[in-house]
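This is the structure I want to talk about, given as structure tokens.
Chains: A, B, C, D, E, F, G and H, in written order; residue numbering restarts at 1 for each.
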Amino acid sequence: MSPDDLTALLTRVQAGQLTVAEAASQLNSTGIAELPFATVDLDRSRRCGFPEVVFGEGKTPEWAEGVVRKLAAAGQDAFVTRVNDAQAAHLGSAFPTAVQDRLARTFLLHSAAERVTPVGDVLVVTAGTGDLPVAQEAVVTARVMGANADLIADVGVAGIHRILRHRNRLNAADVVIVVAGMDGALPSVVGGLVDCPVLACPTSIGYGASFGGVAALLTMLNSCSAGVAVVNIDAGFKAGYVAARIARRVHKV
Amino acid sequence: MSPDDLTALLTRVQAGQLTVAEAASQLNSTGIAELPFATVDLDRSRRCGFPEVVFGEGKTPEWAEGVVRKLAAAGQDAFVTRVNDAQAAHLGSAFPTAVQDRLARTFLLHSAAERVTPVGDVLVVTAGTGDLPVAQEAVVTARVMGANADLIADVGVAGIHRILRHRNRLNAADVVIVVAGMDGALPSVVGGLVDCPVLACPTSIGYGASFGGVAALLTMLNSCSAGVAVVNIDAGFKAGYVAARIARRVHKV
Amino acid sequence: MSPDDLTALLTRVQAGQLTVAEAASQLNSTGIAELPFATVDLDRSRRCGFPEVVFGEGKTPEWAEGVVRKLAAAGQDAFVTRVNDAQAAHLGSAFPTAVQDRLARTFLLHSAAERVTPVGDVLVVTAGTGDLPVAQEAVVTARVMGANADLIADVGVAGIHRILRHRNRLNAADVVIVVAGMDGALPSVVGGLVDCPVLACPTSIGYGASFGGVAALLTMLNSCSAGVAVVNIDAGFKAGYVAARIARRVHKV
Amino acid sequence: MSPDDLTALLTRVQAGQLTVAEAASQLNSTGIAELPFATVDLDRSRRCGFPEVVFGEGKTPEWAEGVVRKLAAAGQDAFVTRVNDAQAAHLGSAFPTAVQDRLARTFLLHSAAERVTPVGDVLVVTAGTGDLPVAQEAVVTARVMGANADLIADVGVAGIHRILRHRNRLNAADVVIVVAGMDGALPSVVGGLVDCPVLACPTSIGYGASFGGVAALLTMLNSCSAGVAVVNIDAGFKAGYVAARIARRVHKV
Amino acid sequence: MSPDDLTALLTRVQAGQLTVAEAASQLNSTGIAELPFATVDLDRSRRCGFPEVVFGEGKTPEWAEGVVRKLAAAGQDAFVTRVNDAQAAHLGSAFPTAVQDRLARTFLLHSAAERVTPVGDVLVVTAGTGDLPVAQEAVVTARVMGANADLIADVGVAGIHRILRHRNRLNAADVVIVVAGMDGALPSVVGGLVDCPVLACPTSIGYGASFGGVAALLTMLNSCSAGVAVVNIDAGFKAGYVAARIARRVHKV
Amino acid sequence: MSPDDLTALLTRVQAGQLTVAEAASQLNSTGIAELPFATVDLDRSRRCGFPEVVFGEGKTPEWAEGVVRKLAAAGQDAFVTRVNDAQAAHLGSAFPTAVQDRLARTFLLHSAAERVTPVGDVLVVTAGTGDLPVAQEAVVTARVMGANADLIADVGVAGIHRILRHRNRLNAADVVIVVAGMDGALPSVVGGLVDCPVLACPTSIGYGASFGGVAALLTMLNSCSAGVAVVNIDAGFKAGYVAARIARRVHKV
Amino acid sequence: MSPDDLTALLTRVQAGQLTVAEAASQLNSTGIAELPFATVDLDRSRRCGFPEVVFGEGKTPEWAEGVVRKLAAAGQDAFVTRVNDAQAAHLGSAFPTAVQDRLARTFLLHSAAERVTPVGDVLVVTAGTGDLPVAQEAVVTARVMGANADLIADVGVAGIHRILRHRNRLNAADVVIVVAGMDGALPSVVGGLVDCPVLACPTSIGYGASFGGVAALLTMLNSCSAGVAVVNIDAGFKAGYVAARIARRVHKV
Amino acid sequence: MSPDDLTALLTRVQAGQLTVAEAASQLNSTGIAELPFATVDLDRSRRCGFPEVVFGEGKTPEWAEGVVRKLAAAGQDAFVTRVNDAQAAHLGSAFPTAVQDRLARTFLLHSAAERVTPVGDVLVVTAGTGDLPVAQEAVVTARVMGANADLIADVGVAGIHRILRHRNRLNAADVVIVVAGMDGALPSVVGGLVDCPVLACPTSIGYGASFGGVAALLTMLNSCSAGVAVVNIDAGFKAGYVAARIARRVHKV
């Protein structure tokens, strides 16, 4: 509760417009929806600018459905990531109007609220073709969060001219997401070409000593280009989410 | 070279205003200063908005001095990080007007150019007192890069009220840097309180199974708060640099 | 054998009430049931307060059945954890009166002995919904061991108000178990809110650099809250077991 | 703030006994002492039963002194761990009445408050002689926290009779701390001998593939004895702290 | 673009034989084929001596087909590695004249261009029988790249006479590839027998603490024989590719 | 070739009883059987006391059959470990008289040679029931190699009396193999009870931070009992093989 | 206590030749010497054939002296390993007749008992010169334990003929210890040349990815030669100790 | 011994020109110089084209001197790497005519033999200035081995134009060594620009999650450029050695 809200509330208590019990209740609880298996954070949107996003892994289809219903009932967008096939089928039946992207493995049930015009430009770049599912998760997420997002695929450093010819597009973006597996070298090159923030997202593409993306992750954390921050392996969602926060902040001022 | 610059150059060749040799030279070389031990990137500032920053580790004091001289000769700011005692003494003698911060272990030799007015607000938060050197490196870096930067120290999650009372300051920032060692849990809490991007910087503070910051690094990469991106262990410089890119981008629009 | 028991036994030898052979046998053997594939510790209950618990993994259904029969024959509770589907079916047929919990993957065959009244309060808290199977294993175990156990689900730190509103319940418990995957940050927050011991149980929920729960494990070992001890990844059983030892000790005095 | 306190405060606002500004201030702030380098949690004692403990590592002697002064000024015990030689000398001069234990590397400045009578029995056991500094830190901590603590040294499993002869003492304790490096096997044996909770604390004693205590840590996390919880490597402080929480809880009922 | 080519191009601009737009286009683009999911590097052959090789993992059969078509359309050899069963079937139908090796898991569609005569001698040696699939990938790759390649199987160091009797063949090769799992000791022995470069390729054959080839990888990186360089685990392709570069270089002079 | 054999051979050359070509052939070749996929070491038995053992993993059933045939043709025992179901079925059909143990996953085709009387006593002890497959592989291997081998199951340290009651059997053995997963603590206890060599074999039984047997492996390498040597994770074969070497050596003198 | 001893004792109780108190005392205690910092196992020699060996690391010189005095007072050999310079000087003054080996870093104070004639042959082989301190620790230990021990230095596999010319000496040994850093490949070669047990001891010699001996350790655990068991990194003591157990067992029969 | 040599030797035995004893001696021994602490491989030069190189680490100055003397006495070059200050001073006094490079930490004592004319071109490239010591070790080694070697410093990918302007020099080399710490990304870029083999050498330059060069090592092993092989961390010697083997082989044909 913001200081202003707090003062307002206390003033109403003082003025007798609000009972002590009601005030205590408001101070103790903010928007939460409780289920036997979940405590849905209905206040997330107010604090962070977007409703709680549902992480699909480890949930039964029924649990996923339950959380989506609570969000929808609260008039909020319900966005689910890492949706497996069983969940996709179940949620598709339960919410026929929802939009699913099977490459990105995402599910979106829009609230009835009018959609905001997207602001800011997120550019997603991949080193290889195999990085596309993760990149697509980033694109979908950034768009759902209210940013524009575009994709350039398969421009890894083994053919350095492939990325160099996109310098203008890179420089036009508010934030660049670079998705790469194997050696994870692309973000270092991109970071040295632009003056906007670069988000590096390692993928588990590769074999042997890539250790499921650890090699690319370490490369990115140790990038010799100073303008590069990193998210978890295969975490296209997180890259898109942070990028959208940046893009929206840029166009908020 | 931008497409427009390229067209202009070629037009001048076509018009006979530029010889083929001169044009080839310009296309082949951009601002580089060569030393036996370094190839200084004098074009970095044009591409990335700030000159090449010198990483002090692994350099003799003489090598560090040499690179600083090349940057200064090109009229650019010379900023050195991870300055050890021997380098600090040597550089202090060589460049008496430079500014050094021994807590942050930084060295700055300003160019004669007029300083730009700082834009954007970077807020640096630490979980503990031992995280201060890294946090200070972030603060100094963000300021050198042209952003405003402020610091809140020692508000780790073991006393959760310490961070909660700063909600307003957190919400006012364009980007929040959270510096934490040990369990590295603070960024997850901060990420759930704000709608701006959060940069998490792990430190090597801790003992036993903190493994020199690895524990905090992993915590941050796995943050349950989606708005958190991560930089390398003890990389206050990188956190400050990325934050300044974001802050400047915000106020560029 | 306790000193008192030993003295009693020797006194009986001295008095000729016990032959040397019998005394040697008693000193050499304590309650053990031998099978070709197992040496069941029938003395565990006397020493540790609860019979040996059967770890289901790596056992054929027949081996599991064999050990359960030996425990039952000795009049002891037979509790099996990590029961897979094949074992569940086999044991269900063999012991129709047993109780199985498929979320917790546990099997319990009560002895004929009267059940003790549960003592002490164990509160199990999870950071996310996906942590529920592990949490449920902790709840079931604590109850089987003779403690009261309750569960609060999905109150991770990204929405910090979710856990803060349960302060009273947290403070009323004798011991709190916090089950969390991903960043594993919740125990550090809980540890700073209560004065009872906190047991942190990491789960393998998460992706990429969570490394199957290692990230959460390290977070918990490095908790900035001093009152936190840790058990193995996904070891809901162990968390529940230690918690019950604490809870029973509390109410034994 | 507890619900009762909150209701009381709001009632006073309603009754006009407290201004809105004062109430807002109280709701926003709890006991904190601010320094440029630290935010001392003066409320820790109320919540957790003992004041904030100062972690010495990474602090200048002056920073350590500053925090101790704030705690003392608030009438609270000031306990510092991991005190290095320079800090010990500095703090010794600054606070001549404080008690330091150089084997445990601890510093304690008692508040003027009357000392509470210690309750509960913590027994600390070490596998080897080299584990003594860590064990001593546990002993000192448990005592400072208000529990009785005793020590048995060097009873590792290579001579199993050494621990077996202490069965009675083990069974009399409310909680046993087992400190061990190298193979870290002792907690598994102790865990099978007692019915109270066992806290295992790995040490960095050993060589080669002990990896600074990682081997012992993993042994303890994987203990075949179910009643064993684990703390960080060399974290004698944490073991003593958790043990004291258990011991005090036992005698609180 | 080489300096000579650049001068030639600029001279043509100067002479009015090339428009500014055409020159800019040529300077900005080199041979690339764009697909929605790939940016095929058609210039790779000119720079590196062989067309871009397609890494099968992480690609749908349709994506693999698409890239093969682009390479074929450009008159280049299309070589795919790590071809799984579904891709093999799909590509086999799409390109009936292509050659597939299911042990090596490779696919090759030759361009219409006349084949070059192979040069140089690559000798591939395996420590065990289980290393054969990786070794075969190396053999096929080296041949496709234009070198002669031969194979000696199962001559690991446990029977040291098995490799010693091949000294003459080893000494006759231009480069030796040693493929080994488990202890990965064979390259160290071979490296001490020959004066040509040795490429060591670890495999994931082994169990327990071989960690999927990490043990063999480390052995090879630490080889006491100085003439040994290393490629990734199971990376028969890369070993064959580097070997062919060496072999061709040898016979180019 | 031994010095005596060498002198004898050269003397025959000198005497004209052996041609130079024949002598060169004998000096260059020792018993090897070559297949396209294997180089069978038929000399292993002479050097090491037992024929080459076939490691089943990574071999097609046909490859396994081929090697067995070569060994049989040379009149040697053919022993295969890590036999999977497909190999077991194939080899069973091909060699109906062979003996297979599906718990140990071994295959043995005895040569026509008379069997030697087993010598020496190997005692295999397991900490848990789930360690049995590995222990059985050790038992079978030791017997095949010519030693007596016996098994005690499930006597882990959580019930320390289980192993203590077998002191006499432990002391009677020439070598003790201790097979344990989870904490791997049993070898340290056994090592302190006996004066014969102890071989510790970690297993992958356990969960979470056992990391597939790494925890037990490290425990054993760091055993506080000096008389303990270690073999690879799940390497029952290797434990049995080394034990048999010791047992046979003991009874050779 | 052996069964026979136990029967004898109980018979004496029965016969009234031993009081109950005395019998209880004997059953409860075996040879232990207690110090404030150590519990010396004076029964180790009876059980394991050699007195408890003192591990120097982590002990103050005074602690080391105290334990040595207790062993000496009991008429037992006092052997200390990993003796640092300060301990060496202190112990040298305290026990002028003791023998110290500064390359092996060992200290030995012989008891007055007559020395036994050494039995069995231990051969220690090193891959490089830098492995000598560890090898010397193995040699000294084996001799102290009562075996003959000899050393061959610097015969690593990069010059394979260096080890092959020692075949006769290798075959004459009862047990071979192979000490190697870097790639750790030598034990695999030796294991394939002999029929006695081979003990592999990795050293921390090497750089970069040798990771302080981990590379060599893994090589040895994964040895393709079946007759190889492994001890901890740099654990020359343990290698010598296990070897002496084997050698003595061989000549005991 | 080669087959031809063997036939010649046996023919001389047959002809009575060589005694059996002399022949046996020649077959059993090849050029070895024995010291108490080393077995110098004087045959290395014949087999591998260059004498045994001495690894300085872990050797006393006297041991290093001893080996150098043996090589010199045999008329061979004595090359020592990783020479520390104490060794450098000692060897400098002992061999005043030797050449030492303190940046590369190498020592070279030339034999009296005429020097061969260097052949082949090795180009060493570094990503940063801090990589220079390792790069210099590679340069010195390659030259000592008989190749030409040249160096380009500090052309990392953060300023990609720095390496692109050296394309001609890169393409002119027979082999390129790329030395890089931090992200280790440069080899991937270079590998895509040339058609000769590329040797990547990671350095320990970097901080935090570079883990002493592990990050760069993994990047290089996972290089998306197929023409890249890798050597150990900081192993400039090995990179130079393998490069020289390639360069000499190229110009041998």
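The criterion applied here is as follows: a contact is a pair of C-beta atoms (placed from the backbone, for glycine too) under 8 Å apart; a residue touches a chain by one contact, two chains touch by 3 or more.
Worth saying up front: this structure is predicted, and the values here are computed from it rather than measured.
Any chain that touches subunit B and also touches subunit E is listed here: A, H. When chain centres are set by their Cα atoms, the one at the greatest distance from subunit G is A. Same interface as B-E, judged by over half of the contact pairs sharing residue numbers, among the pairs D-F, E-G or F-H: F-H. Rounded to the nearest 5, the angle that brings the Cα atoms of subunit C onto subunit D is 180°.
When chain centres are set by their Cα atoms, the one at the greatest distance from subunit C is H. Rounded to whole angstrom units, the spacing between the C-alpha centres of subunit C and subunit H is 58. For the pair subunit B and subunit D, the distance between C-alpha centroids works out to 38 Å. Distance between subunit C and subunit G, defined via averaged C-alpha coordinates, is recorded as 40 Å.
Subunit B and subunit C, compared by their mean Cα positions, are separated by 49 Å.
For subunit H, the set of residues touching two or more other chains reads 3, 28, 44, 128, 158-159, 191-193, 208-210, 214, 217, 221-222, 226, 232-233.
In this structure, the chains touch in the following pairs: A-B, A-C, A-D, A-E, A-H, B-C, B-D, B-E, B-H, C-D, C-F, C-G, D-F, D-G, E-F, E-G, E-H, F-G, F-H, G-H. Those residues of subunit G that touch subunit F in the shared complex are 2-3, 44, 47-50, 53, 167-168, 174-175, 191-197, 199, 217, 221-222, 226-233, 237-238, 241-242, 245-246, 248-253. Of all residues in subunit F, those touching subunit C in their complex are 128-132, 152-155, 158-159, 161-162, 165, 181, 205, 207-210. Residue ranges on subunit D touching subunit F, taken from their complex, read 127-128, 156-160, 164, 182-185, 188-189, 191-193, 206, 208-211, 214-216, 218-226.
Subunit H makes touch with subunit G in their complex at residues 28-30, 32, 35-41, 43-44, 52, 55, 57-59, 63, 67, 82, 202, 204, 212-214, 217, 232-235.
Subunit E makes touch with subunit B in their complex at residues 3, 6-7, 10-11, 13-14, 16, 20-21, 23-24, 27-28.
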